[in-house]
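Each of the two complexes below includes chain A, the first together with chain B, the second together with chain C.
Let's look at the complex of A and B:
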């Protein structure tokens, strides 16, 4: 930190909050609130005279509230920059600090929060994580039994700069403990609290145990675990070292801790899985290794930065394997545990990667984006004619559409990722997506359904998931119906209702509407928009009395090749179960209904011309031998 | 895909759905009162494992299958939210369907005196009693209480509630024996 602060090209803005982020990659406009420290940064030399005279003491958050701090304080002894701060919530305005500061005149009670706007090229988010509070887990008695402490409290007790100057003592009587227990997975891997594994706690508890054992070899240390997870380089060796040192490992999740009310000793009840027996051991002190959870204001930051959150509440990366440090918004990067619990080596690696990614932005004159961006035809946009609409703006997962009534909607090209949600949602067909234009997709549909359409199953697949699923079904040699005809679009959000109407108008036997599972969507909320539309279509077709199963909506991930094959085989079975005459009669009955909904199609620029060309291909297919 | 075995049968019954989520942490066993006070060999974790491993005979004859009182102390503590007593009840049901005799002295109905008032069915905490029509000697087709031995835990609530003394737990805890032991307790010397 000191190095970073000394580097002339780095400006450290401590005690500052991000209020608003506008703009796009390379051109962010960030509003910052520089909070008033009531100490002038240009004058304070960090001598600490103010803290010495300050009569107010409040719990010290950094010491896990195990020690007090003054109202004039620095957050921790290694604070960078080393500038004192006055806690106005605690200050009683005795002005002793002003006196103590003397000729430096660094303390200024008239300071106020300052709002600053900065032009920023790229943003690296490294807000870290927080700890699960084990108080709601009544079985462990945290906050009820004085000698049950959390791992972070242990960390401070064991630290030579901590409140006890590094000597390990029991909170109840200040004596040195003789028998210590660590409990892993407190709150984590627990569906009642945090479902996921917190990644680093196994190593962390072993580290704490080893530290204690090194300092006091006579202390008896036990670790209670469900599974020990030491997958990285050198971790298993460290675990073996701990075992060789004589640290006990008991497999079993403690069900309950009870306390001797006089000695404040603790009894852990657990089943020793290796023995298959319920055991009860007595300890002087118990440490709970609590789960890692997102920061309490993670939701707020997520809306400020306009980046989505994964199901656990962590920030969502662009791609879990290939781009774990990129946010879905270009120019915003993640480093460390704000994206998901991770240990120090992983955080350092991700931090360096994020810095490299950010410098790529800073050193580029131009920025490459996906070629599949959306474009608005200003003359077709009804907003330009003064009508209120804004559907495209509401559907965009990236906030890339600039809509003001009276002006044609405009796509901010640098922000657009090319999901195509706005294109499919626009009721006036005023937006098109490069490389996935209506004309192109409608031409594909016509060609695929040229011959014997009633026998075909048209499958609309999204690029990232269901297309991958279909691919996997093929490479894994899963057998599925050869009557399937697939069309790829970028996202299920692009699957325009018109495509499905057109397929049925042409007489398609069945249509599959498939995409990612909601949590896997590569376009933040693209799948949600697609799913909503699919639901609407299902209702429409139900009202038309279409045979159930002829229109099917399925969310298939790239790993679910078997599901893709199964779904298509089921659809084929539905078609096979229907007498051909009935199917043809139903297609004929619904054809005018579909045509009615497609009357606008020829007016979309390029569509008529493309379809005229397609007709040549269709005629060629039909002139082949064996065609209808 | 897989041969349908005991685990599938258990999963198909209500309560058994989350069986395969168990990662053997042992919280249920160390929470269990029956394990602590009654039967040291009692181990729900091991029973769940046996069911997952398709150990049919062993799980049917295991004391854990028959002693669980469905107190549900383990359920709120389970980190995987498995309804353990639901799984055990499902195993019990399958065991009885497969001809396993319950080692418990389950409630017995005297069908000649039962009036099918339904009080026993109402108080039964295990929903083991139903009122069904049976053809009986001297009484004809008539509704009477019927006990499902796969669900009955021999708690005796039904016997206490019955107004016509038609249902009771046999052997050690029959009405006569209970009255006898109270009497003995009141008069240890047999003075009265």
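Let's look at the complex of A and C:
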């Protein structure tokens, strides 16, 4: 902490929130809100005179609310930076602090939140984790029995800098406890709350038990556990040391804690697996080792930073093994527990690793980004002919299109992120996307539906999320129908209505239209544009009396492999439920409708040539399939 | 090189590489059947299977073939683009081909791994996905990466033990860092802890 404050190249902005992140790798524009402290950083010397005279006391979050702080406060004596805060929610405006501060004049009640902007090349996200609140686990009586406390409360109670100056007392009567128990996996490895293992709690409860035993060798200490997990360096040895010190370990997940209402002593009821029977033991204090959970504002940060979340809510890495520090957005990296529960050595290591990943970008003068951007064919743009349009400009999430009536629209290369929204939205087919042209995608559709199209389910997926979801289905070996035929575009915004009409014209059994959830979109509002179009298509197909389920719109994240497999299997079931003759009749009935909507397709530059060539591919496939 | 390829665009010379991925793909479908199928597609002048396309030997095969068969397009039927697209783009670029003229067909994550108990269906799908990549690759244009400038300044969000570690490592490499913390002090959960395991040293 102190090193960070001393390092001249680190500017510590405490009491500051990230409001907005715009831009892209090498060129992020970050908006920060420096919250008003009502104490001027350039004048406060951290003497604490203001806190001494402040008459207001409120619970201190830093002490797990076990001790009070003043309305003029620092959370702890070693705070970095050492600048006091006035808590305006608690302050009664008596101005005693102003008086006590005297000639320094550091206290300034007129201060307001300040919005600042920073030009940033790379971002390391290290927003950490939070603790599971055991109150909903009624069987353990937390918040009902005074002597049931959490591990974090224990941290403060036996800490020499804590509210009791390190002397361990029990909350009900302030006496030193004689018999202590720790319960592991509280809320974790529990399907009702957090299914996963919280990684560090075994070591953490052993540590607290060892600390108590070192300080008070006569206290009887027991740890209740399901499994002891000590895989890292020096951990098993530490566990053995705890056993040698006389700490008891009982394997069993306690079912219930009851209390003697007079003594406030506690009874743990559990199965002792070693004995093979149900036991009951009395303690005068019990500590709950809570699960690690994502920060309460993790969802909000996920949309501010534009990074997706894994199951359980943690930030999702680009690849769990090969790129564990990278977010899927170029130039944004993760460190520590925001990506999943981690202990201190792992968090420090990840901090260094994320710094190394970020420094690749930051040490470069320039960085390369993909050229898969949009391009306008000026001769096809109706604006150049003097007509009013501007649909492309309105659909662009980045303001990357320069539209003036009378001139052909133009794409500003540096601003275009390549979502393809303008390409699919342009009613005159005057825009194309490099590497994802209509010609390329239509030729893929024709190839995939060459043989027995009525059996096939064409799946359009966005690059970042639903393609990843399909990958995860495979990686997890969630099996689904092999009649699925996938096509990848960068964003659901690129999923041109023409692609879907063409699929049905060719006789596709079903079509899946699938992208990210709205809050996960890599292109700000790309998904919104894609979703609106999907809604329009749903209405159109409903009016055509298409069998429900043959066109399906689903938002599937890269973490939802199970959902991808389930959706495809449900679509297969819809097809299986239709008599083949009915399906073929419906395809034939709708074919002219679809063809009508595609009449302008051959006019798009390159499309006719591509379709002619693809016909050769299709013929090759058919001749071969027929021969088999 | 791009201009040269543009001139040659009329005549497609596509190479198709079907990966076994050990038994990950070959344990479910016979890659040779996909190769035989792909070899007949228009524009394909070379089709072969390879035990591990991503291994040095696999990449070398592709690079050598680009020269030997004068290939101007490459299709790799293997794993996810999220896994190895950068690998194969790099490999073809080393052989002088524009990296955007390479396309992958995902016949592992999205085929053999998802249809392990439906070998026939998986084989039909692997062929279709390969054909679809061959179709797409036929219309690909050489593209150049866009170079953007980099602001030499980092932001670390969160002043806990991980954030402090990242900020220090960056600053010690002479990179200015803004360390943003929502609470009034940095330190995070670690600062609240008494001693830390397994060495029992102080946390601050």
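In this text, the second predicted complex is superposed on the first by the 367 of 628 C-alpha atoms of A that agree within 3 Å, B and C clash if a C-alpha of one lies under 4 Å from a C-alpha of the other, contacts with A are read in each partner's own complex, and residues count from 1 in each chain.
Keep in mind that, in the parts below, a contact is a pair of C-beta atoms (placed from the backbone, for glycine too) under 8 Å apart; a residue touches a chain by one contact, two chains touch by 3 or more.
Quick caveat: nothing in here was measured; it's all calculated off a predicted structure.
Q: As a test of reading the superposition: which chain, chain B or chain C, is in touch with more residues of chain A?
A: C
Q: Name the contact category of A:273: first (chain B only), second (chain C only), both, or neither.
A: first
Q: Taking the superposition on A as described, I'd like to know which of chain B and chain C A:538 touches: first, second, both or neither.
A: neither
Q: Return first, second, both or neither, reflecting whether A:252 touches chain B, chain C, both chains, or no partner chain.
A: Only chain B; A:252 stays clear of chain C.
Q: Would you check which partner chain A:368 touches, where first means chain B only, second means chain C only, and both and neither mean what they say?
A: Second partner only, chain C.
Q: Which partner chains sit in contact with A:358 here, chain B, chain C, both or neither? Use first/second/both/neither.
A: Second partner only, chain C.
Q: On the A-aligned overlay, A:477 touches which partner chain: chain B = first, chain C = second, or both, or neither?
A: Only chain C is touched by A:477; chain B is not.
Q: I'd like to know which partner A:402 touches here: chain B for first, chain C for second, both or neither.
A: Neither: A:402 stays clear of chain B and chain C.
Q: Give one of first, second, both or neither to describe whether A:593 is in contact with chain B, with chain C, with both, or with none.
A: It touches nothing on chain B or chain C.
Q: Can you list the chain A residues touching chain B in their complex?
A: My answer: residues 139, 185, 189-192, 226-227, 251-256, 269-273, 276-278.
Q: Quick one: which bits of chain C touch chain A in the complex? Just the residue numbers, please.
A: 37, 40-42, 80-83, 100, 106, 108-111, 113-118, 121-122, 124-125, 127-129, 131-132, 134-136, 138-141, 143-200, 203-204
Q: Applying the document's contact rule, which stretches of chain B touch chain A when the two form their complex?
A: Touching chain A from chain B are residues 23-31, 35-36, 40, 43, 45-46, 76-77, 79-81.
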